C-alpha cells in the first residue's frame, strides 16, 4: 500500500463534476506525474487532497489515516505539503523571512529527527537562491519566485511534496534547472507528485505518469507505457505523438 | 501621472524595515542601534516632567500615552496580521467600563480591576474577531464598525448598570508604596511604565516566530495554511492581544478622566484610532506612537481649534495613503537610511 | 385606520431617503467596488447645499437641482482625485473615505456651524382626503423617489450602458478587451451614486432639520439596505429600504425606539457573516485583476 491512497474521490461544484470518482495510489519515495488537458481536474485533485475543498465523496488515506475533509494546515502538518501556481510566496517579506517562517513551522513537525536544513540560507543555497535572502520576495523575477515557492514548501518539512505546475511560465533553461533540483528530492527522503503540461519536463522527471481527463483517470503506468497508450494519444495529445 | 509613478514605488516604502535589503532587524548592529534608540527615548521622555513643561503639556502627554497603548493593539492586528478595524474604541470601552462598573457596583479598585479589564477586553476582541474567519476586507471592516455602534447603544440603554448616557465616575487609584497617583506627574509615570511594557511586548512579538507567522497570514493566507499555519487560531489570537492592549489603555483612561460616557467609545473615536495608526504606520515599532503624538500634539503645537485640527487630520490621512502608505514612520525611516547611506558614502570617499 | 394611512405615508417618505442612499451605496460598492464611507456626508452636503440655496432666496426645487449638481461634482472630484488611485487596494480606499468623511463634516462646521438647519416646508400644503391628512411634501418625496428608482432600474438592467457595466463587474479584463472603458464607467457609477445622495439630502431637509453629523447615522442604514438588497441590486435596495423604513416608522410608534438602530446593526452583521454578497443576490464587487 502506497503512502497516499485515494479511493473513488469525487468533487462537484454545483452541477459541474470536477472529479468523478478517481482511484490513485501515490508513493512517497519517488516522483509521480499527473498530466491531463486543461480542466481535466488536476488542480482540483490537489486542492481536495490538501483540504482546500472538502471532497463530495470518496476517501483520502495518508499512511493509513483518513484525512478527507481535514483543514489544510492539519494536512500540511502531517507531511503533505503543496505549492501553488500563483500564490507562491509572501510577497511583502524578505526572501529569507519567507523561508524562515516555513522552517519554524516545519521544525515543529520533527519527531526527534534532525532537520534537513538548519538555516534559511542553507535551504536558499540548495534551491539556487543563495545571496538573495534580503531581497523583497514580491520584486523577484518569475523564475526565482518559482524556486522560492519550492523552497518555502520544502522548509515546511514535507514527506510528500505536491507541486502544482512548477514549470509553468519558465523558460526551457529555467525548467531544466528546476528539474535538476526536483530529481534530487526522493534521495533525500521526500516524495514528489507533480502536475504539469510541459511534456519534456515530465518525461525527464517521472518514472510513472497518471493521466486525467474530464475528472477521471484514463491511464496510469510507467512513463513509456502511458506515452504509447492509444487512449492517451487520442484525448490528451490529439492523436499525434 | 505623478500619482501613478508614486504608486509604483509603493512596495518599497510599504515594506518598511523588514523588506529592504541590508536592513535585517536581526543583525547585531541593528539590534544595538534599536536598543540605544529605545533607551535614549525612554530617558528623554522620563525626564520631561522635570523640565517644568506645565500641566497642560503633561496632560496631553498622558492622553497620548494611553492612546498609543491602544494603538499598539491595532498596530499588531493591522500592521502585522493585516486586518484593519474601525471599531477599536469599543475594546477601549470594554476595558474602561469594566473598571468603572467594578468600582461602582462592587467597590473594586484600580489594581484589582486591571487584570479584569485586560482579560475582558481580550475576550471581547476575540469575539469581534470571529467573523473575520469567514469575512474579509471591506466587509469585515464594516462589521467592526457595527460592533462598535452596538456597544454604544447597549451602554446608553444600560440604565444605572452602565450609567446610561451620562456614564460613570470612578475614584482615585489607591497609593502604592506611598505614591499618590492623583498627582499628574505620578500618573504620567504610570502611563509611561505601561507604554514601555507595551512597546517591549510589541517588539518581542514582532521579532518572534509568532510575529513572522502573523506577517505570513497578512501576506498570503492560502500559502500560510499550506505550510501548516493554523490561520484561524492565530487571527483570533491577534484579536485577543489587540483587545488586551486596548483594555489596558481603557482602564488608564477611565482613572485619568475620572468620568466616562458612551460617546467616548463610539464610531468617531474608533475612526480616529484607525486614522492615527495609518498616519503613524502600523508595521514599524514606533509607528503607532508617532501617530498618537502627531494627532494629540498637533493642535497644541500649531494652535489649531478642534474643528481645524480634525480637517488637518483628515487631509493628512489622505496624503499619507496616497503618497506614503507605510505611514509617517516608514517615511522617517527611509529618510534616516538615506541620510545614513549618504554619510557612509561620504565617509568612504574621504577614507579612500 | 386614518392614523395607519398617515403613518404609512410618513414611513414611506422616510424610507425614500433610505432607498436613495442605499441605492447609491449598492451601485458604488457593488458595481464600482468602492466602499465610500463618506457617502453619508455626500447626503449631508446635499441637504446643507439645499438649505444654503433656499437661504439665498431660490425656490426649493431649484435648490434641489443645484444641490444634486454640487454633490455630483464632489463625487467626480473624489473619484478622480482620490479613489481611482486605490482601486487595486480597496482597503486603502475605504480608510481614505473615512478621512474624507471627517474632512467634509468639519468643513461644513467651519463654513457654517454645527447646529441643525432646516428649510421651511417647500409646499406648505396638507392634503385632506376624507379624514386622512397628508403633508404634501411627503407624498412628493415618495413620488420623486419612485421616478428615480424607475430611471435607475432601467438604466442598469435594460440599457446598453447597464449591460456593459454589469459585464465589467463580472470580468474586468475581458470587458476591457471588448473595448468597454471600465475606468470611465467606474467614474460614471460613482458620480451617479453621489447625485442620488445629493437628491436624498435635499429631500431629507425638505422633511426634517439636519445637522452636519447626520451622515454617520445615515451611512449605517445605507449599508444595511445595500447589503440586505444584495450589492449592485437596485430592486433589492428598494425592497430592503421599504422594509427597513416601514419597520423603523412603525417601531418608533409601537416598539422600543431606543433600540431601533441596534436592530439594523445586528441585521447587518448577520448578513455580512452569512451572505456577504447580500440577502437578495448580488455581487461581491468587481474582482481586481
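A, B and C label the chains in the order they appear, each numbered from 1.
Just so it is clear, contacts are C-beta pairs under 8 Å (C-beta built on N, C-alpha and C of every residue); 3 or more make two chains touch, one makes a residue touch a chain.
Bear in mind that the values here come from a model prediction, so they are computed numbers and not experimental data.
Comparing each chain's Cα centroid with the centroid of every protein Cα atom identifies chain B as the most central. With respect to subunit B, maximal separation of chain centres occurs for A (centres as means of Cα atoms). Here the spacing of subunit A and subunit B, counted between their Cα centres, is 41 Å. Averaged C-alpha coordinates put the centre of subunit B at 33 Å from the centre of subunit C.
Centroid to centroid, with C-alpha atoms defining each point, subunit A and subunit C lie 49 Å apart. Here subunit B touches subunit C in the complex through residues 3-4, 7, 84, 86, 131, 134-135, 137-143, 145-147, 149-150, 153-154, 156-157, 267-268, 271, 274-275, 278, 307-308, 310-311, 313-315, 317-318, 321-322, 325, going by the rule given at the top. Remark: subunit A residues 50, 52, 71-73, 76-77, 81-84, 87-94, 96-97, 100-102, 104-106, 108-109, 134-136, 138-139, 152-153, 155-156 touch subunit B in the complex. By the touch criterion given at the top, residues 29, 35, 82, 85-86, 89-92, 94-96, 98-103, 105-107, 109-110, 216, 220, 223, 258-259, 261-262, 265-266, 268-269, 272-273, 276, 285 of subunit C touch subunit B in their complex. Only residues 11-12, 14-15, 18-24, 209, 212-213, 215-216, 218-220, 222-231 of subunit B touch subunit A when the two sit together in their complex.
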